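Each of the next two complexes has chain A plus one more chain, namely chain B in the first and chain C in the second.
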Partner chain A sequence: MLLHIKELTVHYEGAEALNNVTVEVEEGSVVTIIGANGAGKTTLLRAISGLEKPVSGEIWFKGDRIDGMLSEAIARKGIGHCPEGRRLFPFMTVLENLKMGAYSQKNRAGIEENIHNIYKRFPILKERARQKAGTLSGGEQQMLAIGRALMGRPILLLLDEPSLGLSPLMVNEIKNIVTTISKEMMVSILLIEQNSRMALSVADYGYVLETGRVRLQDKPESLMTNDHVRKAYLGEEL
Partner chain B sequence: MNAQDILAMVINGLSSGLTLMLVALGLTLVFGILHIINLAHGELYMLGAYCVWWLSELMGFNYWFAIVLAMILIAFLGVLMERYLFRRFRAIMVPSLVVSIGLMLFLQSSILLGTGMGDKEIEPVFHGQVTFLGTSLSLGRVIIGAVATVLVIAVILFLKYARPGQAIRAVAQDAEASSLQGISMNSVSRLTMIIGSALAAAAGGLLGPVFHLDYMMGFPVLLKALLAIVLGGMGSVVGGVILGSLVIGLVHSFATTLIGPEIAEIILFLIIAFILLIRPSGFFGMELRT
Partner chain C sequence: MNKNNRIKSLLLLVFTIIGFLFPVIRNDPYTLSLLLIIFVFIVAAVGFRLIYITGRLTIGQAAFMGVGAYTSALLSLNFGINPWLGLLIGGIAAGILALGIGYIVLRVGGVYFVIITLCLAEISKLFWLWWRPVTYGNSGLIDVPGFSIASFQFGINKIPYYYLSLIIMLVALFVMYRMERSRIGIALHALGQNDVLAEHLGINRTRYRVLAFTTASFFCGVVGSFYAHYIHFVHPDQFGVMPSIMIQIYGIAGGIGVFFGPIVGSFVVAGLTEFLKIAKEFQPLIYGPLLVIIMLFLPKGLIGLPQMFFKSSKK
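Up next, the complex of A and B:
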């Protein structure tokens, strides 16, 4: 097991955000967590990256317990995190943002090669290389956020609502990017989405999070035929 | 008054603006990273001057060597301050202010107790005048301005192109996102204190031969540095501080020559207050980022 979250409980601003949540991500897989706003999805990713301290429970990554470690140490262990709202460095250029993503990498030639690969995958970022990140469009910012996370050569990539605020065309693009990262770059992915249909269509396994608890978990094919999921998350009339 | 007088005022103003910049740049960097207004920053300037005095006048070291050594010693002091005081009070506004006031008083009293009240002077290394465009200027002032310029440019280049410098900018823009890139908050804080302390010490060492040394000399400089930062616009790091410091240096120089040194400070604060009335967020003011 690459990532194993065991019975995790996290409080956020005094309230219980996650209650006894257990989630597993196998090496090489795409796992998605769907759920409404405020269900605790973002808190879960923040807890994995050490930005929120759990009240109880454990987080294991590659056989090491990582809850309680500093965020920067967790990042250096190989967890890339594309946070909610992208959180780019707005007054730094596209290229500088990418270089910051490689901060834990020591090999200069490797960094250059990585930048080259990311430019190949996202040609628009090469065009905008000298532009300040804050001036990019929403879709370009999302590509830069993903590119920056990939610069750290992660083993596991946490994606927090990559499709939020993007046009349907861009959402489809994000879907392709997720597949590429997983299949070609062999990076495992934990994807959090409100766009449940898109998320379930790319995932190997899915969890449904409701008010801080895991309500359902199953293969995407089964979740998509589940009455509760169809009604509450896929907007289908039953 | 003729063109020569004006040129002299401009050169003097730029020279003192540039040394002020050394203090203000460090202060704003520390604020941007640790979110602490370090009111003891002026004491790093004061200690820099005392250090150079001690090394050059008492120990007999070369003046420039003494400045470099003082920068290293004060940077080390800055590291200790960050490690044992500021790190615990990062982004906690009121307690951190109290801590920095305490530190300011502690450092002032230590110097007073350690060196006594008597007059201390650093022997000026450069004497005489240089003539530039028909204007006679103090050689010391010109050299001080030149050295300060070199230091400021070095810091700007470091922030722009060096990896640790870029990390400082990243943390100033978004500390949490920086930690997700594997950037260590603690080492960036330490590096920022090293730069800030060394620059303040350099300013103290450079201006040491111009004034008498005094254990209280840090506070007025701190006030002016804060003023330069506010004038430049709190949100912008480097550009605002540069412009703010130069304006303060120039206004002070003109007011001193034209009206007199006694009320120059008052005039300075009045003019800055007036500018801030018109532009409350400073020259490069933008909304403060959370």
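Up next, the complex of A and C:
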């Protein structure tokens, strides 16, 4: 087991954001957590990254207990976090943004090589290397954000709403990127999405989070045929 | 890029040499005293910018100048501590205060932080006013000793003071410049542009902001202490809200986006102040609109002026 979250309870600004949540991510897999706004998805990722302190429960990564560790240390252990919304440093160039991804890394030798690999994966970023990140299109910004998260050579990548605000075409592109990262770069992914259809189509396993609790968990194929999921998350008329 | 940097360092060298040779070229006490006060405010304004790049706007920096000035003046008056040592102690006192206050208030952002620093400036002034047994309140501290090297007293002649303030400024600018160009500086800029993301990348928000705040305030304390020993007089009014706002005007008018902006701003606006001395109490009436005009038409500040000119002539 790469990541094991055991009975995690987190309070966010006084309110209960997560209640007794247990989530597991196997090595090499894509796991998605779907849920509405305010279900606690972002809080869960922040707790994994050490940015929220759990009230109770445990988080284990590669056999080490990481809850209570500093966020820098967690990042160094191999967890990359790609937060939602404003994902870039708008006044830094594309290249500078990529370098920021390796900020807490102790080994600074591999940075050039990492940048090279990311340019190979996302040629558009190489083209725009000297451009200010704030001038990129939405899709390019998301690519840069993912590229930056990969700069830390993560074993596990936490993706928070990568499809947010993107055109359907770009959403498809992001889907391909997620698949590529997990299959070719051997990075496990914990994907959080409101776009449930997209998320379930790339994932190996899925959780449904509702008001801080895990309501359902199953293989995506089964979740997609589940009545509750179809009605509440896929917008199908039953 | 590289060529640009070379031009920049050449310009810098030229200005430094001019700075050092100036008293030889023109030994005029009035000009020298004006310049050395400008140097003092340059340090404060560049410090203001150092805090600004982390995403926090302060209008309380004069409070730290006051801490430096009073600490050093009181130590030399009451305990005979050498003003040279006072420079350092004044800086450290301001730094420690900034560390303590910063750790609490830097968690707050936006306009709330601005208001807190505004209060800080005013509270510090009231503190000096009301702590009469020590600070003599509104009478201020008089006969603050000046600097001396062995038996040579820095006296009526402005030249030694001019050089001292020039050197203090250069040291402060060097340290803050290096800091901004270092890994720490990258973190400071990252915080200013997107602090949520910076935190995700392992940059501790409060810690780095406190570092910038403390560094800037340390140098404010040093120049405050210098100021006290230079004019031999310390009064609460020297460090209230108005000087803090002036520091902010120097920074923003000059151009907050680049390191040299506040330096240009200090020269131009402080020079203008001298020019406007005739206007006396109406000066704020001129500064206010001036700042608004600069913000409206020169969003990059005075330092953006040549660039704008260059661009428009190119078209």
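For the reader, a short list of remarks on this structure follows.
We adopt the following convention: the second predicted complex is superposed on the first by the 231 of 238 C-alpha atoms of A that agree within 3 Å, B and C clash if a C-alpha of one lies under 4 Å from a C-alpha of the other, contacts with A are read in each partner's own complex, and residues count from 1 in each chain.
Assume contacts are C-beta pairs under 8 Å (C-beta built on N, C-alpha and C of every residue); 3 or more make two chains touch, one makes a residue touch a chain.
Keep in mind it's a predicted model, so treat the numbers as computed, not measured.
After superposition onto chain A, partners chain B and chain C are found to clash with each other. Touch criterion not met for A:T22: it reaches neither chain B nor chain C. Look at A:F91: by the touch rule set out above, it reaches both chain B and chain C.
When the two complexes are overlaid on their common chain A, residue A:Q194 makes contact with neither chain B nor chain C. With both structures placed on the common chain, the touch criterion links A:M100 to chain B and to chain C. When the two complexes are overlaid on their common chain A, residue A:S49 makes contact with chain B and with chain C alike.
Overlap of the chain B and chain C interfaces on chain A comprises residues 49, 51, 70-72, 75-76, 81, 83, 87-92, 100-101, 103-104. Against chain A, the residues of chain C that register as touching in their complex are 183, 186-187, 189-190, 193-194, 196-204. Residue ranges of chain B in contact with chain A, taken from their complex: 163, 166-167, 169-170, 173-174, 176-185. By the touch criterion stated above, chain A contacts chain C in their complex at residues 49, 51, 70-72, 75-76, 81, 83, 85-92, 100-101, 103-104.
Interface residues of chain A facing chain B in the complex, by the touch rule stated above, are 49-51, 70-72, 75-76, 80-81, 83, 87-92, 96, 99-101, 103-104, 148-149, 152.
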